Amino acid sequence: MTLTDFQHLMPLLILTFAVLVSMLVIAVGRNHKIMYVITAVSFLAAFASLFELRDVGRYTIEPLLVMDGFGVFYIGMILLTALLISMLSYAYFEQREERKEEYYLLLLLATIGSCVLVISTHFASLFLGLEILSVSLYALIAYLRTRERSDEAGIKYLILAAFSSAFLLFGMALVYASTGTMEFAGIAAAIAGFTELPLLLLTGFGLMIVGIGFKLSVVPFHMWAPDVYEGAPAPVTAFIATVSKGGVLGVLIRFFMEVDGFRYPTLVLIFTIVAIASMLAGNLLALLQRNVKRILAYSSIAHLGYLLVAFLAGNQMGVEAVTFYLVAYFITTVGAFGVVAMLSDKERDAEQLEDYRALLWRRPWTAAVFTAMLLSLAGIPLTAGFVGKFYILAAGVNTQLWLLVVMLALNSVIGLFYYIRIVAVMFQQPEAETQVEPRGKLRPSIYVASVGTLTILALLLVYIGVYPSGLLQVIQGLLVTAAP
Amino acid sequence: MILVWLIVILMVGGVLAWISGKVNRTLPRWVALGSVLAVFVLTLYIWMNPLAIVIGSNQSMGHTWYMRFDQPWIPQWGISFSLAVDGLSVLMLLLTFFIGLLAVLISWREIQTKVAFFHFNLLWVLAGITGVFLTMDLFLFYFFWEVMLIPMYFLIGIWGHENRRYAAYKFFIFTQASGLLMLLAILGLYFIHGNQTGVYTFSYFELLNTTLAPEAARLLMFGFLAAFLVKLPVVPFHSWLPDAHSEAPTAGSVILAGLLLKTGAYGLLRFVLPLFPMATVEFAPWAMLLGVIGIIYGAILAFSQTDLKRLVAYTSVSHMGFVILGVFSFNEWALQGVVMQMITHGLSTGALFIIAGFLYERLHTRDIRQMGGFWSTAPKMGVIALIFVMASLGLPGLGNFIAEFLTLVGSWQANNWLTAFATIGLVMATIYSLRIMQKIFFEANRMEQPLPDLNAREMLIAIPMVVMILWLGLYPQPILDTARPSIQEQLQAYTEPLIEQAPIARMDRIEMEAIPEKTFGTKKPKEAKPSSYLQIFKSSN
Amino acid sequence: MGELLWLIPALPFAGALLLVLFGNRISRALVSTIGVGSVGISAAVTLVLGIEYLSSRPAFIRQEVWQWFDVAGFSPSIAFHLDALSMVFIFVITFVGFLIHIYSTEYMAEDKDYSRFFACMNLFVGSMLMLVMADNLLLLYLGWEGVGLCSYLLIGFWYKEPANVYAARKAFIITRVGDTAMAIGLFMLFQHFGTLHIQSISTEAAQVWSIGNETALIIALLLLGGAVGKSGQLPLQTWLPDAMAGPTPVSALIHAATMVTAGVYLIARMHVIFALSPVAMMAVAVIGAVTLLIAGFAALTQYDIKRVLAYSTISQVGYMFLALGVGAWSSGVFHFMIHGFFKALLFLCAGAIILALHHEQDMRKMGGLSKKLPVVFYTFLIGAASLAAFPLVSAGFYSKDQILWLQLAGENGNIWLYLAGLLGAFITSIYTFRMVFLTFYGEEKTHVGHKPTMAITVPLIILAVLSFAGGFIELPHNFGHVVLFSDFLAPILPAVSVVPDFDRFEWMLQLLAAVISLGGIFIAYLFYYKKPELIESIHRSEFAMAIHHFWHSGWGFDQLYDALFVRPYVYLSKVNKNDFIDSFYTFLANVTQGLHQLFSQTQTGIMRNYVAGIVVGAIMILTISLLL
Amino acid sequence: MSAIPMETGLLLAGVLFMLGLISVMIRRNIIFMLISVEIMLNAAGLAFIVAGSHWAQPDGQIMFIFILTMAAAEVSVGLALILQIHHQLKTLNSDAANFMKG
């Protein structure tokens, strides 16, 4: 490892450093605010350090990692999301009596894990990143120990995740066995050698897809998602929905681009089936669901399906579409869960549809933000979600994936129903004129933290929805290096 | 730049209205009224002194656009914020804002809850519709197409009647589903054009020059049709309309009937005809058949409805049948008829909904079985209602007659049998229209409480509409002249460049000549030139 | 001259407008001034124009008020066209209209909706004038529908009574059926001539089409459809008897004198087209013949005095059609004029009677009125004589005789038509004098209340004079040979070509007609005055009664149409009230929800099932990747 | 020494993997499920080693070490959670933990 390597890994190093520091701080004395500040600052610092790497072409750190535009963008995305989530978490945990400090520790670790994922070019680093992410997630999900749902979610996630990573590992092993290398590039070269893929290799890929599919919670590996989403604390749910999935998707794209998996009809077929299944199952499951967190879980399943459509386009435009959609999706999801978190109280998260009845007349602004988020999920204009969906459709039409595209259209109609349903509930007339809830039971600073976050998210949402070309420039600028 | 103002004023006005609700309850109404009035005046100004400019490849027709605004929006995708008005758009805008004014006025007493938010939505719907009528960029078109739905959804869902949520869902999902298909078609067109020319753009004027393989053209056309036929609506895609109309508040129904349906017709004229000339010709007989089915089916259903607003809703289904019938007969008579139909139907049906609203305010029911004999207690309302009922059955001297007659004359040139059946629709129109009069204003009065007649505000709403419908019926020439150039433009693909035809815009001849001239001996009639396409079409069926 | 032309229809319209706007705020006196005055002035204008017209005989006068619209060469104008034909109609409309308006001031005096009545009446006169003065068919269509509207409003004038409203609705809808046919006719005309300007069409059609041209035939039949609808001819006659629900002046003006003859006007106006298609001509004649018989028989059995008159109107219009059908254009128009006079007269008399008997319309409850209402009696007698074509002294005799005569003498007449006409004449005189005897003779059955005053009697007398003297402007050439009327119309309507040296039979035919008429009167006298027991004997026989009921119900046309059209339509509409198409979409929604239920079964919350899920997925993927 | 062919080794690993997999599916007791998962992981590790030895590279063994560490971490967290579960549900039957469904 040379010095320049370190420079290029600066964001990760900063985060690691932050982890160590915060451990020490906890050892010295527990203080929620300090921990929060450390986390936030480190995220910011890490993000700032990215600007150094803005115009890195493609810097590989043999053999494990590579730092390129794609990586930079995804890391940046992950960091910002993590930052926002931590801001939300602050207010959320402030109301709770558990020991809050380790939470940030785990958050940082998980973030590191997913950052590693998106820049890894080697099974080893892939595996490491994935496990750092997962193991810290186990803890995060079950963080509120006193709620049995939390534990249930934790144990479910743990067993299933381990189970799936066993598949992943076995798959890797087989691939390794048949190609003799664990570097993506090497594998690509090896594959290029074969006239047709050997059974071993295909089995390997198949098993790996199982592992990856689980993390992405696509059908048929999606079943854990609703339970975990429901059980985990709202901010953590947001984290799972965004950061962890983003990381995995990033590595998936990188791997596929590297080995150019789109040449193999089998793989394409598998992903097509998975995509369609996810869209349908996700939307149908959410249709009459009355638990908001579960609705969001199912909708995230569907959205992963949408993402796969663009992913299957398998060209520069596809990658851009995925990335763009991911950004929109991150903003929206974090926003949505932010609202959930904000409305939650000591005992339970605000997850039942009833908790949102007539929200517009009780807390207009919160309701407005939530509405915006839902409309964005539904892909209605003036929101980022619309542009994202448009981009995906464009990518699909461009490569004539008519089946997928039509399915997407159909599904977003189904999806419309349950998003609008939540909105309708919020807009209902309050039965008894419930006066505005007593606010400011939180200290203003905290309140500001979460409200500010939501406002930022809403503004971003609309900004991207109305003027997407800024974001487009950034993406297109950074992703030129992604596609070989 | 004025064009942008049209939209901006409405949107800002909407936000202001929402905010001003904090100050007091009536302020939002005034804000809304003011902003709609402003844009109305602006549009009148545009109409009165058009500064003609020529755009894109249309010099051949000398198709003059009044005004244009262009501003790159998402250059990466060749999307630009491009607005333009020609005769057609101007007419549609005038209609939009006229109806908008009425909508604000009729809500004055009817809407008492969440006044501010109501007017926010109202103005944003209008803004969306304005955008649809103005935009010359297909992405932008879809954008506005969707934008107008959300506020409409809220108008129905929050201020509607008993069954509002169901209606709102239905409306929203129908239009969304169809809209997405259109989006796909737009994208398809975009890439085909891009691959041909290397220029990836959503600009309407560019895409007009796309040459399409028949197969592709057919598919894309169906994509567009999906959206427009659902919006129009054409049987069998109409079933959202009765619910939406009958559950929406009066203003909502008026806007739905008066404007949202027209966006469908507008789309057909503006996009489907010029973009897919060949495909439409193939599809024409079926489209016309759909139109006729719509006319008759709507009329039959209208007859048996007992909910007044639902009845009127079905009459719109019937009337919109004429639109599609006319659009697909590809000649100027029919298209002028269609344009007239869009306007006059907007007025007459709007008026009927308004009357339904008046009655509902007074009786709190829409069930005509409980009404009757109101003429004796409310003669003014009776007269107004009579006029618009007569309009809806196409009585000569009222606007709808011109519309329907022109449409039928045109479609007769294209297809005799279907037109004959469509004409039967006129009889059915008589049947349901007279039923309205009879059940509400004639026969014995079953109500015990007295029915107050129209007050000043309501007269203020009704009188202008009466004047308009009469004017359109007796001297529609200004409208026709305004629409002519754009219509000839849309028909370009179907006809040789028309050499013939009438002096352009005789704005000065508004009132009848003071000194009538008399002539001796027969005057030679102008020869009507059936366009070359017609013979082809006649031979084909 | 001619500058004033536009005033003729404009004045009544103005009157109507004023009454609509201010009717309920101003005094009755003022209302009647406006209502009657407007029509009066336009009558005066007509007179002036008529004199000028007669003094200098132009082909026609055309006045364009403004261009209605102009689309791709389709450019109808709001323009008026005055020639001999329209002159006759304008004359009848304005003058008879004027008289009836005067009459109405008394007849409707008690009614609370006084101003509404006059508004509608004025509107009607305006539209009717529009109809006959239009120089293009579209404008004509405007008037055509306008009168339809007015007749609707006036039939349903007493709207509190559902029956009246239904009658009004029936009238409007049935006429609309005819109008639809006519509209299609207009489309075709436009398609072939690129214009709806009547003169141009007439001139061009003659050049373009030869006799017996297909298209001409179709167009003619379609126009005939319109005419049939408005003029209450077979098969669309059923609305007219019910239309008697309206106030009597309305029946007099609209359903006797003017509107129902619009069909005659249309055919006369478009005679070129008809002349081009003999089949259509024959159709017109046959329709006329059949109608006049059917209506005549129906009239025989009615008890409601107005219904008798209604049926008689139908049958008289039938005569006009008969005339037109054989190309005797001017005779048709002549009969229209005469009929306008005497039928208006009869209706007004009936109105006076009804008013006198507290709105009693059943003739069985009348009788012995000759003493009580002398004026009404004598005027009615004159009218009746004219209707029954009482020889030599009645106008009706001359007009009707001319028609009958031309059935044989005319080139394309034939014996059957003639016989039909003759039989019709016979029946006519029977039911006419049945009316007379039932109403004015015998003992008084109902107390006479309101005695008619000037406002009623004067119009009656004037009309009586007209329907007595009107005939002398057109006398057969075997005595007198006055042809003022046909000469007047000659430039517009070609004279019928007569079979050479057929004239010597003419006096025989006239004699026959006279005998027939007198015979009818005698029978009526016998049955309804001398020996009423004869009626009793007839009423005793089953068969006769069956016939009687059949005729009384207007030959069961109503029931027929009810079964054929009305019930199916209503059923269709009712059965599909909530739109079966909708259920399809509901079905889709339900399917989706069902799928939701299905899927949510999989989310058991039990970890092992989730594991199983993953395994299944894995197996699936492996099979795909290994087998494919 | 006669090298064992890779296929045999992989087969062994596969068998091990399947054993683990099946027992995860059939076991109710959470602890046993955890153990079975560990077996699967080890199977993967074994596969790596076999592959590594076949290509005569150290990578396989390195991966195995990674796996071990990861497994250790996982088990520790897992056991902690299981304690919690047992503390709350008074049972280790995984089916009992199904509050969240639908």
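We call the chains A, B, C and D, going by the order they appear; numbering starts again at 1 in every chain.
To be clear about the criterion, a contact is a pair of C-beta atoms (placed from the backbone, for glycine too) under 8 Å apart; a residue touches a chain by one contact, two chains touch by 3 or more.
The model shown is predicted, which means the values in this text are computed figures rather than measured ones.
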By mean Cα position, the chain sitting nearest the middle: B
Distance from the mean Cα position of subunit C to that of subunit B, given in whole angstrom: 37
Intercentroid distance (Cα basis), subunit D paired with subunit B, Å: 67
For subunit A paired with subunit D, centre-to-centre distance based on mean C-alpha positions, whole Å: 26
Subunit A and subunit B, separation of their C-alpha mean positions in angstrom: 45
Residues of subunit B touching at least two other chains: none
Multi-partner residues of subunit D (each touching 2 or more other chains): 24, 33, 94, 97-102
Residue numbers of subunit C (touch at least two other chains): 600, 603, 605, 607, 611
Pairs of chains found to touch, sorted by chain label: A-B, A-C, A-D, B-C, C-D
For the subunit A and subunit B complex, residues of the former touching the latter: 375, 380-382, 386, 390, 393-394, 397-398, 405-406, 409-410, 412-413, 416-417, 420-421, 424, 427, 429, 467-469, 472-473, 476
Residue numbers on subunit D that touch subunit A, as the complex places them: 6, 10, 13, 17, 20, 24, 30, 33-34, 37, 40-41, 43-45, 47-48, 50-52, 54-55, 57, 59-60, 62-63, 66-67, 70, 73-74, 77-78, 81-82, 84-85, 88-89, 94, 97-102
Complex contact set, residues of subunit C against subunit D: 600, 603-608, 611-612, 615
Residues on subunit A engaged by subunit C in the complex (per definition of touch): 155-156, 159-160, 163-164, 167, 199, 202-203, 205-207, 209-210, 213-214, 219-221, 223-224, 226-227, 265-267, 269-270, 273, 281, 284-285, 287-289, 414
Complex contact set, residues of subunit B against subunit C: 170, 235-236, 238-239, 242, 300-301, 303-305, 331-333, 336, 373, 375-376, 379, 383, 390, 395-397, 401-402, 405-406, 408-409, 412-413, 419-420, 423-424, 426-427, 430-431, 434-435, 438, 441-444, 474-477, 480, 484, 498, 500-502, 509, 512-513, 516-530
